[in-house]
Amino acid sequence: MINDKNSQKIVDIIRNYARKHSLWILAYGTGCGAIEIPPTMTSRYDAERLGVRGAATPRQADVLLITGYLTTKTLKRVIRVYEQMQDPKYVIGFGSCTINGGMYWDSYNTIKALDRYLPVDVYINGCMPRPESVLAGFAKLQELIQAGKADGAKKYKENLEWYRENQKKVIPTWRMPEYNW
Amino acid sequence: MEFKLFDLSIVEYAFFVTSVLIILIGLYAALVKKTLIKIVIGLSILDAGINLLLISIGYLKAGTAPIFSPALVKNMPLTLENIKKLSEGMVDPVPQALVLTAIVIGFGVTAVALSLVIRLYRHHHTLNIDEIKNLKW
Amino acid sequence: MVGSPVLFIAIPLLAAFLIPLLGFVWKESVRILPGLVLLYLLYLSLTLMEQVVHTGTIVEVIAGWAPPWGINLVFSPLTGLLTTLMILMGFIIWIYSYRFKNIDFQEAVKYFILLLMLITGSVGIVLTGDIFNQFVFIEITSISAYALTAFYKGRDSAEASFKYLMIGSLSSMFLLLAIALIYSQLGTLNMADIAAKAHLMKPEFKILALIFFITGLGIEAEIFPLNGWAPDAYAQAPGPIGAAFSGIVVKAGVYAMIRVMFTLFDVAGTHQFLIVIGIITLIIAEMSAVRQEHLKRMLAYSSIGQMGLVIVAFGIGTEEGVFAALFLMLNHAIIKSLLFLSGSYLVYHSTGKYISEVDGIARNLPITSFLFALGSIAIVGMPPFAGFWSKWSMLTAAAHSNLILIIGLVLSVSLIELVYYFRVLNRIYFFPKKKEVVVKKPTINALLAMGLLGLLILIIGFYPDSVTGYLHAASQSLLDKGKYIHDVLSTGQLLLP
Amino acid sequence: MIYILFSILLGGAILTFLANKISGLLRDTFFLLTMLGATLIFYTQLHIGGLVNFSIGSFNLEWGVNSFSWYFSLIVLGLGTLAAFYALSYMKGKENLGFFYFSFLISILSMLGIVMSHDLISFFIFWEMMTWSSYFMVIYSGKNVQKNGINYILFSAFGAYAMLTAIALVYANIHSLSIVEMISNYGQFSPALQTWIPILFLMAFSVKAAMMPLHVWAPGAYSDSPMAYTSVFSGALSKMGIYGMILIFVTMISHLPDDTWFREVFAWLGAITAIMGTLWAIAQDDARKLLAYSSVAQLGYIITGVAIGTDLAMLSALFLAALHALFKGTLFMAVGAVERQTGTVKFSEVTGLIRKMPWTFIASLLAIIALAGIPPLGGFVGKWMLYESLINSNHYILVIAIFFASTSAFLYCYKFLFGFFLGQEEKEWAHVKEAPALMVVPMLLMAGFLVILGTFPGILLKPADTAMQTLGFAPTEGHLWSMSVLFNAWGDQVLLRPLVYAIAGIFLFFLIILTVKGWKNTRYVTTKDISSSGEVPLEHENLTFSVNFYQPFLRAVGPVMKHRMITWYREFGAGMETIFDFTRRIYTGNGQTYAIYVMVFLVIILLLQNTIFG
Amino acid sequence: MHEIIQITWGAIVSFILAFTVGITYMGLNRKITARIQNRIGPPWYQNFIDVIKLGSKQTSIHHGVMQHMGPAFIMVTSVMSLLIIPILNQNRFFPNLNFHGDLVFLLYIMVFGPLGMALGAGQTGNPNSAIGVTRGLSQMAGFEIPWVMALVALMIQYKTTSIVDLMNIQVETGKWLMFSSPFAFLAALLAMLGMFRYAPFDIVGAPQELASGPMSENGGKYLFVMMSAGSVFAFAKLTLYVDLFMGGANNLIILVVKTFSLYLFPMLYGIVSPRYRTEQSVRYFWGWPSLFGLLAILHAMFF
């Protein structure tokens, strides 16, 4: 019965609903964008009403929030954290810097496009993005989840070699456990 | 035999006083003097005093020698009474015997003591007893 | 009759004088003769002891002069027991020191002469029934003891010997004074006679004489504060002589003192006095032993303490108490001799004889260390070894007399004893051995002697009945003053030879 | 038969000692044969009620077995045999093995002797034999002998001498050494003796049972002896103290007119022992020390049970005694296994052995659960009975104290498991292998027995009940559980089993759910793969948290733990030694001074002659 | 057999009930907290969503078999206490295993799970987990004292260790124990603060400090089971308090009302509180709550 296609569909609906409304974020406060997280979570904008809630460790988290520019040094940690998260998992690039380097476009030690290193599901534009746009980003992610299109993790698994290649280019001393999903 | 100690003539009294004095002198030398030789001398004096005391116990004024010479026991059966009667005038021989023994012993002790003093002097180069105390506690 | 008690004095004396003469003939005879003598005497004493326990005291009159005039030797169960013990210890010490001064012939001659004299003197103290004779024997013992203490001719042994001599001279002075007092009062020197007539003495003089005796004999019995000489002498004398001191000489001293206090005079308060003085001796000695750095000195203090214990047991005064005291004496003689004998091998290699120098020596001297451990465990009274039974009889005796505080005191002192013995044991067995220490292995005969003592400890420990019968007889004979007087004075009513 | 038993053990001990010189195999064979032979004879040939007597040193010695002593010899021989097997493997390659096995057998012999003695003198002899044979074990390692060894022997001797005093008093009063006669004549002693004899005896027993003011030897002694013996030491030897205490409490204290005070004091001492033992166990970094303090604490519970002395309390004490032997035996063996495989027993050094030594872990886990008294295992039954008895006998504050102790016990229980087996799996310990089967099997056997006891406590409760009947208690079957409902009849028949089954069922159900769900997508990751802020711990980086493990808790209880009993004793000892050192200065070394002493002595006696000889 | 089926059935129904109510309470907690913080807050059913999401996580990791078993351990505690604690008066609900409910047994079974989970947390090798565990255990040693004091006071006063008996007494006398033994109730109530581990006693799993402490390596299905166990356990504890002090409940609605009103106490206390350090919280429990406990015992002994 459980393998029945229709019931599987129902299960999927419930699952996606649950995943959509329960986004536990791991806010990786890499850059200045982290300053926008508190207003988003506190009473003015209250992201918790959308089911968004902070998670303490990557093991429990669903969403990895890269807040702002990402130095090459931090990238390693971010990759590590991402790989420690459990499926299904999503990445939100937060602020312009994660898109194209932003004001650090010519810095020698920040990465310019996050997408080359981690599979980003949603970008939130702005420098910095206001809480409204953060909420909009979450809404977009929820939409994607509902539609089953937030499959960054799958992409990452499929194109792991490419990602690794990019990552190793930036990170000279690569000393990480195998990622075997 | 009677109790003699408090039945004293002047001479006997003098003996006792003298012997006690000698003992005290010996003790003084042995206990207070710091030189080993003097201590040994003190011990000898002590010995002498005691010997004198012992002798004086058996002393009898105008007593005869405690010898039952053939002349003395002639014609007398050897009964207890007779012997008592005979020995009344005699000086008690036992203390003398004791003293003889004690003198011999004292001599031996003094000899040993002196030899020890010699050896102590060889090792310590002093005769002061206060400085010879390697063994303590 | 196998032999008479006179032989106990005559034979060793004779042998002592024969030794140098025989030495000219055959050098080895110097070593063998004392052993033969002691072995014969051991046999004699054992047979006599057996006889005495069953048939009663043997009183030997010397030269036909009947008591109270002549000198007599009393072989009662008590004196017989002590004689046997002393001869036994002497024999074992002879076995131990058979190869002593192996090279130096002259020294060996001296040593064996003095050893025989020491044993003779001590046996004489015990056997004699005449008080002045006892004094003479005490002096014989003392002089040979002085000489033996100074035997090594070292700086310290001379010092120890001189101290011993000084105090010993005082002792003989007091003894002579006491004898003089008694003689002036009673006109007799025979112990039994004195005991029978003691009530005739004026009380002041009796007490004065008693005090002089206590002081004089207390020095030999090592009671505090008269025992200043003891630790030095024990520590500086050669190892077997230390054993002889604790196994033979002290026993004689205690015997003399107890004989004077129990038999000669019946003054009230002696028992309490003994208890008090014994406890003080015990406590001070054990306290002094705890922080001791020298092994043999520690053993010496322990020995003094044990003698204090013996005196306390005598002070209890009941038959049980005396039994306990005799048992303690017996065990102490055996165990402390073992400790001295094995202990002197443990520190053989060192000049300072420090306790810290026995570290880890058990690996090189397994048997000696084991015997030392056995002795230590036995002497603190751990069952099932010999020391336990004597301590136990002492405790029951005290409990019977309602002296519970004494039990507490004795046991707490035992705790102190335990501490310092086990500290040494731990060092022997569990401390790392110093590299530079070159250990001297014990000779076969030394091992034999120590093994014999260890065996005795085990035998008495597992089967105390082997000795308790004799001890009971001995304690009865000590307490039965009337019988002693009767036995002695009824021997030979003949006035003249 | 008793003779044969004893001579087998004694002869075996000596033979083993001698065989050591010849060959190791012979020695091991002798040792094992002796132990097995003794056990075999004990279980097959010895019947309860048998008596032998003989006379030595004019004392009549009497040995025999009754149900009470049978119960304790069960502990001794059961644990002893398992520990013997364990020892063979644990001691392999160490020095002085003949000595070790000799002491081992002698201590087993003396423990059997203690429980079989029917007279005081052989009781004392065996008691002392036990003391020195275990002392040999304490100093076997050669570490801290001057401290721990002396501590142990000193306290033991203190206790033994107290006992000796008591025995002497008894002997002086009734002229008999029989324990039975002592008990029957107890009522005729003077009131002072009636109080003092039990106190003196209890002093002796509480030393061995490591009760509070007299416990200071225990941590050092337990941790310094080889673990193969410590399991016996803590498991069986300390029970001899309990054995004696039960005897005294049942036979003597209950006849005292004011026994309530006595019982209260001892129950409280037991409770304080439990609390302080627990707190100190929490603070330890050395596993052996931790277990040693834990033993002290566990014995505290037992002492409380004994002191309360109602039927249920006594039953719980007996049950806990056997149980403590089981789990503490297992735990010390586990420590031994870890020590042997890794070479250290410090929690701050060893971590993450669970995958390397799984069987050891399982055994320790079960033992720890039993120790903590957590339900499905036997430990709970004992604890529960203790609580019930305390509540029934109106000792409410005691319940709190005991409960506090056993709650805090979770802290060190966890520390033990975590410290050794959990945490980061370090490369340093990657080479570690499981201990040899000879070591693991005894542990697992005992742990398995603990599990069985959780469901069927009657296995032990029945002999305990018989033992108590020997002591004059009414049969406890059926009437004890008036207040509670957990075991409304005999413990193993009613509701315990459903509970245990329910626990097992729930556990298995959820375990299966956890395992089956997403089986394919569940993977094992190494302990280096942890979420540590994205950092990748390097091989040499040790992230295990094991230093200052319970610092906050210890800070909270700091004021209580500021004072250590042992420092008091040590200061007392140092003070005494100073006095001794001062005293021996009487012997100045100057001959003249000695002569003056003689004269002073003379003068004093002359002056006091009327007082002394008046 | 019939009995076993009944127990199993009862267990399942009780579990579902407890799960539902417990999760709802958690959700309400979040809602109320949000409202007090002037937020809208998540919907009351938010925790259901969270639990379902955790359950539908596709992957999960573990560091070893102990961690794998940890959630099962804690589930044992939750379910067992649920089975032992009678849910309604006179066992009108499923009697399960509660045969009269022994308090001592309950006390011990309540620590079974946390310890098991602590072992799991230990095996992760994450220092945060171990630190959290030590804090949790220390805190437990703290709050167990007033809690046991309160229970002992009840046991003394009514001469029973059975929960059912205590409930029957309340039904018979018509007087709640929180009034007849007020000190015991106070002590137990304060101990409850520690039991629920809300602020100020939430240092065990403080997300900011310890990254949620013992749970920091658990995700997916493990966290799912833990969360369910937690909510079931919360309900069981609340029911126990209601049974012991508030006269039990005659039907489920009353039970829910009573438990929720009781639940408000730790919740509201927590919202307005900062966080205690471990030793502070331990000392707190050994302070006033224990004093109340002592008073309760004295009260029970002498009145």
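By letter and in written order, the chains are A, B, C, D and E; residue numbering begins at 1 in each of them.
Here, contacts are C-beta pairs under 8 Å (C-beta built on N, C-alpha and C of every residue); 3 or more make two chains touch, one makes a residue touch a chain.
The shown structure was predicted, so the numbers you read here are calculated from the model rather than taken from an experiment.
Q: Could you set subunit D aside, keep the rest fixed, and say what connected groups are left?
A: Components, subunit D removed in thought: A, E | B, C.
Q: Could you tell me which chains make contact with subunit A and subunit B both?
A: In this structure, the chains that contact subunit B and also subunit A are D.
Q: Need the most distant chain from subunit A, centre defined as the mean of C-alpha atoms.
A: B
Q: Report the most central chain, judged by the distance from each chain's C-alpha mean to the global C-alpha mean.
A: Central chain: D.
Q: Quick one: which pair of chains has the most contacts?
A: More C-beta pairs are in contact between D-E than between any other chains.
Q: Please compute the C-alpha centroid of subunit A, do the same for subunit E, then give the distance between them in whole Å.
A: 35
Q: Roughly how far is subunit A from subunit C, going centre to centre by Cα mean, in whole Å?
A: One centre to the other, that is 97 Å.
Q: Using mean C-alpha positions as chain centres, tell me how far subunit A is from subunit D in Å, no decimals.
A: 58
Q: Can you list the residues of subunit D that touch 2 or more other chains?
A: 521, 523, 525-526, 528-529, 531, 584, 587, 589, 591-592, 595, 599 - these are the residues of subunit D that touch more than one other chain.
Q: Using the touch rule from the top of the page, what residues of subunit E touch 2 or more other chains?
A: Counting only residues that touch two or more other chains, subunit E contributes 57-61, 211, 216-217, 220.
Q: Send over the residues of subunit B in touch with two or more other chains.
A: 30, 39, 132-135, 137
Q: Which pairs of chains touch one another in this structure?
A: Listed by label, chains in contact pair as A-D, A-E, B-C, B-D, C-D, D-E.
Q: Which residues, counting only subunit A, touch subunit D once they are in their complex?
A: Checking each residue of subunit A against subunit D gives 28, 57-59, 76-78, 80-81, 84, 87, 175-177, 180.
Q: Which residues of subunit B touch subunit D in their complex?
A: Residue list for subunit B touching subunit D: 27, 30-32, 34, 39, 129-130, 132-137.
Q: Using the touch definition from the top, list the residues of subunit A that touch subunit E in their complex.
A: Subunit A residues touching subunit E: 14-15, 17-19, 21-22, 24, 42-43, 46, 48-51, 53-62, 85-88, 181.
Q: Using the touch rule from the top, collect the residues of subunit B that touch subunit C in their complex.
A: 1, 3-5, 23, 30, 36, 39, 43, 46-47, 50, 53-54, 57, 78, 80, 83, 92, 94-95, 98, 101-102, 105, 108-109, 112-113, 116-117, 119-120, 123-124, 132-135, 137
Q: Sort out for me which residues of subunit D touch subunit B in the complex.
A: 584-585, 587-592, 595-596, 599
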